[in-house]
């Protein structure tokens, strides 16, 4: 480096960071003695300047400056120590320093009490910077030690009993680790005669023989131990648990970042161990996420997450180096790293602010929207959901791994991520859980000043900003994918307005936005845009029926609906996936806004005990929402891998090139199909569906069922179109898909039969009906697809009506159990009529629209030769009658309860959308050709039209169907006897009677409850074939959950809290690495 | 068992160890060029202060922060502090718990202490010429403190003095390092002061200066550490850290 | 079958009315006839042939009635509309344009699905009566229906595969040319399955639990009386006969004339009657389980049979 | 057509039902019906009614045992259009099978009122006429027609099925002649019947008219 | 003589260093008393320093100080490697710092827990 006389310039060199930190650090005690506040000022100025230095230099590098090598002592390396400030270093330093500044802000109340704390903090940050920048092996050791000692001291600062114990263990562990590192360093020096890392790399061939082997092993172990690999990481967890949030965050993100960077630096001499490192990283990631499941202590939970994330980074860096894919490092490592850095730091601070030890006590922030939003943003980022950096990084990573055919790693990473999502969002669930009034001990309300939230808020903003930058780097040109988010944000800004006003604004915004997003679509996408956007708005209109404030509902709803629009617009799999995840996330949050009356344990155990109906009433929407999110994530991961498989074959992201996947087609199709099936609630994967539909807001359930579920269908059709049809190979998965669909239909129907809860009934019914559609898509024939799309439209129509009318009923009766209703036809004739028409349309009984779908479906099945499926379809549509009748009978017919006598008709706002849907049903029923023509044209590009029309009659290979004529005949057949009856009624004295005027002799009816036959309506059916619908899937998933938890419990036996055990593990780790890498063979 | 395996590994190392018969590349350079470039006779010093100056700075930092850390850990609680404000000069009270030392010890201490400190100063000032240096000198000074504390438990060491010396010497070290950037080849380059006559006291550029700072800093820091351990159990004046 | 112009449609409606009249009358008469046969078996004389007509008339001549509500009122209307509609979609006499009804509007699939129409409407009507026995009866009836639907669906699929069409007219056409072409001969497995389902469909013993006159006073129609009951009785005759015609068309070669139709349907009906008088009543879950066992198995075999034997 | 409430005069006032329960029962009074305006139609209707006698399957007393043989091969009342119906809604003939105890009377009244007109009552045996052998029983009504209008008495203790058949044929004759107006009689003298009924039935606990 | 050549002097130091490290580790792993653990750490640390120093030994070398005994021109053949010496200097100081912090932890732990047994310090686990 050329010396200049410009002092300012010197300070702005990266070296300035050290100079500043040390200089200020040394002076702080003095300044502090003079004036405490000026010391704080100096402290912050130093941190700020450190950021500025890092930022300016990074900017210079991005703008094309060459990598800065900073020499010291005016002598060229390797003879002196040198530092390097390149792109990675710069980014890392900048990020760490930013976090450090924010962390200092967060932790200031404690820090400012001691000059030593201030200077330790400052020097700790400098130490991390040093670890990142130095290029000397021994100097690295020094910085590690600086960091460690500063950390020790800061851990000890609070002087709590637990903190001290943890700190001591931490010292023991890290001192052993650094001893290893030191030994390794000296032996490396022994062999290479140099300490400069670049020089060592250049002289790699000198590191040979047992000494070389052991020396590298020592260094590796030393660094790895600092990264806290499983199981040698109990000490780290203890520290995370006990250290104050400001410190824990710095350890978690800062120190780990430094060590990680150090590891990255020495990786070139670790070629031999790359596989081991990858395994250690992967193993740590998976296991720590497993164990996280059992954790209830907030900060320890974060600790597990932290360790997991570092494991993931270790795994990824090892893999990337192994694959020689260093070009991907910025995006993948950078993305994951930054994501972890900011999100984790924010969470630690949040945990510190809220100061609730057990995650179960976090319900005390349930009434703090700002804290909840922050928590949600950070968790979302951490899990890697869009639009955060983790999302992009994960995408890149999976794509890369897939193109290298490393599916084992992908599986591991995704399972780990899923587990992480489980415990993180479980935490969020607890936080969302509003306390019930009966709760014995009510956690005190958290009072958090706005100032304290600012650092966390800033991390959130930074995450958004970085995500945006990353997406630009990833060549995501289509900025429209952000539109839903922006719209949601805009609506959120007006969330304080009157509910009517804001909902209307939301509807307007979504209409306009949706129109512009979807107006230039064509084909299937256009068709779905009518359904998803038009239909979505129509059904959303019904949400106006509620008068309460509904904070957060409308912003999220607008995000949901618009993300559906962007889903339809997606040209590439990345856009598709982005929109998909956004949709999953927003619908999760919307579900969570649902029923929230009772307090319950939102653990992830599923409750589906028929006989304990009272228990369900206790369930609120939080637990189902969590399950929903998990299944959504699982679905998303399947889709991700599916896209990745396809990408590995085609090399690009375009959806239309999915079909060129060649030999991977079957695999890609299967994976994608599983993903969509989960979302649709396919057989065996359906357990989320009833609970979610039941517990979400009633009007939102309508949107969920009639609109959002169509996204899954859309996805299925898209992949069927691109993969199934275009690839044009005998797709066995399609046949399997057909079976899955029909089993879904059958079991959905059977399970609906036995429900007591009206929403669960309709939910299962929805699942069953979607099953037909899945099978229809799986048929891969023109008629099959027409039937699938036709049924999709129909499903939208009748499920929209059903859920909205159910919403009306629940609104009026405040009940969900059908046996507690009855006779409501007298109060709600319009709702009844709409429901009845919807049910006839659903059942497939002519003349309403359901018949057309069933007819085409059956014909298509026969064409294809899927006779068994056809028979099951027959059966399930017969079973459907059972629950449909039950719905009408037990709710609207039969005996009306005394307390329901005064009920009014459902609100007009609920009835209007229903009325419109009914009108559409009638139009389609009478003249289905208009719909079928549109569908047929949309499908034409994929499968050529095989429909034959003869006038108004549709001809298939087997049968024919003349909808208008059928409509006319049935109308005639219905009206004629009606007239007859009316004529005869004229001759009679007809007395309109009340509900108890029924046939009875011995005793008169006493109470409507006793006279209404509704509970366990199909007891005999249950006796006959109920055994097939015992909740096996639920039992299975419960067993999975149970098993996972016990497994997690057994995994954490290593963490017995004894520092010596931890030390032993560290030594075992080293020995293990030695043995695994063939140490004995030496 | 693990230790057994460790032992095997170490045995492996030892078994494959052969003694160096020539200097490593790095060492060769240092020994060959060191005296000319740096002007220090003690090559270890040259390495420590200049070639690996950053290490040394870090080392000083380590010492500094461990002293600060010890202070932080062993500070007294606020309540105690407030209490203690009232009895700033409470040495007398504590005198009851410490027997005053015998006269022989006192006299010997008075005699020896200056010599120890002086020796320490000598060691760090001559670090570039002979074995020794800032650390060694500092350690000797600290041993003097130790000696004082052991011999005269009642003796009072000024915290303020320690703090000021500590901070200023550290800061000056950094300033010297920066001067290296401004006036010579780079950070911690000691050659901004002319190297002087080889073998003289005031030679080898800024090394004596640096070593003085280091020596002072180390000495006072170690003293501070010792003092803090001692005072942890006694009631002493308010500790600002 | 192309119908043109208003006149064509009117004559079509006229022809259908005639068919309706004939089939209803025949259904009522056959009911009386069966009653008499049973009476003879029991050593009685039995009801006069006119008795069903008188019963219906009497019900229409009732002078008082009660109404539980709109759906209660409409229930019987739905019921008979289901009967009339089903008949409308079944061609009655093969080769006779006049009695082909409106079978050009839809195929076998339409008929099968439309059968539910009446049941659903009736169920709703009975539901509004508020009588728990009605609800129980319907619950049982519907459950049983799902059960016999399985063998029936399998049998139907089997013959659809066999004849490669869903059009009833074409199915009948394929069976012309002598008894050896009837489905009962060519695809006896499917016929067997369908006939077992038929037992459930007709609601005679052993599958009449949903009416159960003693324990739940005749189940769904407990509250129905007067003209409502009249309509339902009409429908019972009409719908029963229609089902017989359908079975005849599908499995027994159809009919080319009214006489043939009457003989065949009578014989088919006798199957249910004979079994009905010989067997006691199943409990509803037993009935359901029964259908899920042997008839379903036979149904499955029928499809295998068609695929292995007939189409290869 | 549904609004064709015959009479809004309250029948629930004195029923002893709670207010809550009163909402659940129709409070309309029954009304008499006129014959069809056209004589031929009325005759035809009466012929049909006579030939389709559906008996409510409610054995109120010991005489019910004699009803069973009617359906057997020996007597085969099916020949005359007689059939049993399980529900009063669909029945047109109520056979009072012998003595009516007070407890049974309540049930009989309910069932009778649930039947739709025209409806006919046959009183079987001597007990409904004058109490028969239970004439001095504390809980048997002696003169049944104080409580419900009877269209035909078949006396005897017990009357044999043959007499029953003869009685049915007699009833048919009366119906055809249009002489069986019991239902209208009941409606016209509703208050009288009710007061009689309430005199004996102490725990009334039901609406005055069980629609 | 032969054995001596095969068994160079620095190897003794090296092995002693290793033994010290092992001893130290043994102490850290088996002794439950915190002070003993700290002593174990110090032992280990010292062992490492010995290893470092021994690594830097060049057969027949002397201290790398250029003076009359070691003229500048021949220095490269006469002196031992100065680098490990420099490193060890740093390492010692660091070891000292860590020991100091560990000791102060021990002091505080004794204050809060009233014990110095490490197996009593298991409040946080799992």
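Order of writing sets the labels: A, B, C, D and E. Residues in every chain begin at 1.
Basically, contacts are C-beta pairs under 8 Å (C-beta built on N, C-alpha and C of every residue); 3 or more make two chains touch, one makes a residue touch a chain.
What you see is a predicted model, and the numbers here were worked out from it, not measured in a lab.
Each step here moves to a touching chain, and the least such steps from chain B to chain D number 2.
The chain with its Cα centre farthest from the Cα centre of chain B is D. By number of C-beta pairs in contact, A-B leads over the other of A-B and A-E.
In this assembly, the C-alpha centroid of chain A lies 71 Å from the C-alpha centroid of chain D. Chain C and chain D have Cα centroids lying 36 Å from one another.
One inter-chain figure worth recording: chain B and chain E are separated by 18 Å, centre to centre, where each centre is the mean of the chain's CA atoms. Averaging C-alpha coordinates per chain places the centre of chain C 99 Å away from that of chain E.
Each of residues 2, 30, 33, 87, 89, 211 in chain D touches at least two other chains. For chain E, residues that reach two or more other chains under the stated contact definition are 21, 25, 29, 55, 83, 87, 90, 94, 97-98, 101, 104-105, 108. Along chain B, residues 2-3, 6, 13, 17, 20, 24, 26-27, 30, 51-52, 55, 58-59, 62, 65-66, 69-70, 73 each make contact with two or more other chains. The set of touching chain pairs reads A-B, A-C, A-D, A-E, B-E, C-D, using the touch definition from the header. The touching residues of chain A, counted against chain C in their complex, run 823, 825-826, 829, 832, 836, 840, 843-846, 851, 854-855, 858-859, 862, 867-868, 870-871, 874-875, 878-879, 881-882, 884-886, 888-889, 892-895, 953, 957-962, 965-966, 969-970, 972-974, 976-978, 980-981, 984-985, 987-993, 995-999, 1011-1014, 1017-1018, 1020-1021, 1023-1025.
Those residues of chain D that touch chain A in the complex are listed here as 1-6, 20-21, 23-26, 28, 30-31, 33, 36, 58, 87-89, 107, 110-111, 114, 205-206, 210-211. Of all the residues in chain A, the ones that touch chain E in their complex are 138, 142, 145, 148-149, 152-153, 156, 159-162, 164-169, 171-172, 175-176, 179, 182-183, 186-187, 189-190, 195, 234, 237-238, 241-242, 294-295, 300, 1052, 1055-1060, 1063-1064, 1067.
For chain B in complex with chain A, the touching residues are 2-3, 5-6, 9, 12-13, 15-17, 20, 24-27, 29-30, 33, 37, 50-55, 57-59, 61-62, 64-66, 68-73, 75, 160, 163-164, 166-168, 170-171, 173-175, 177-178, 180-191, 240-241.
On chain A, the positions that touch chain D within their shared complex are 898, 901, 982, 985-997, 999-1002, 1004-1006, 1008.
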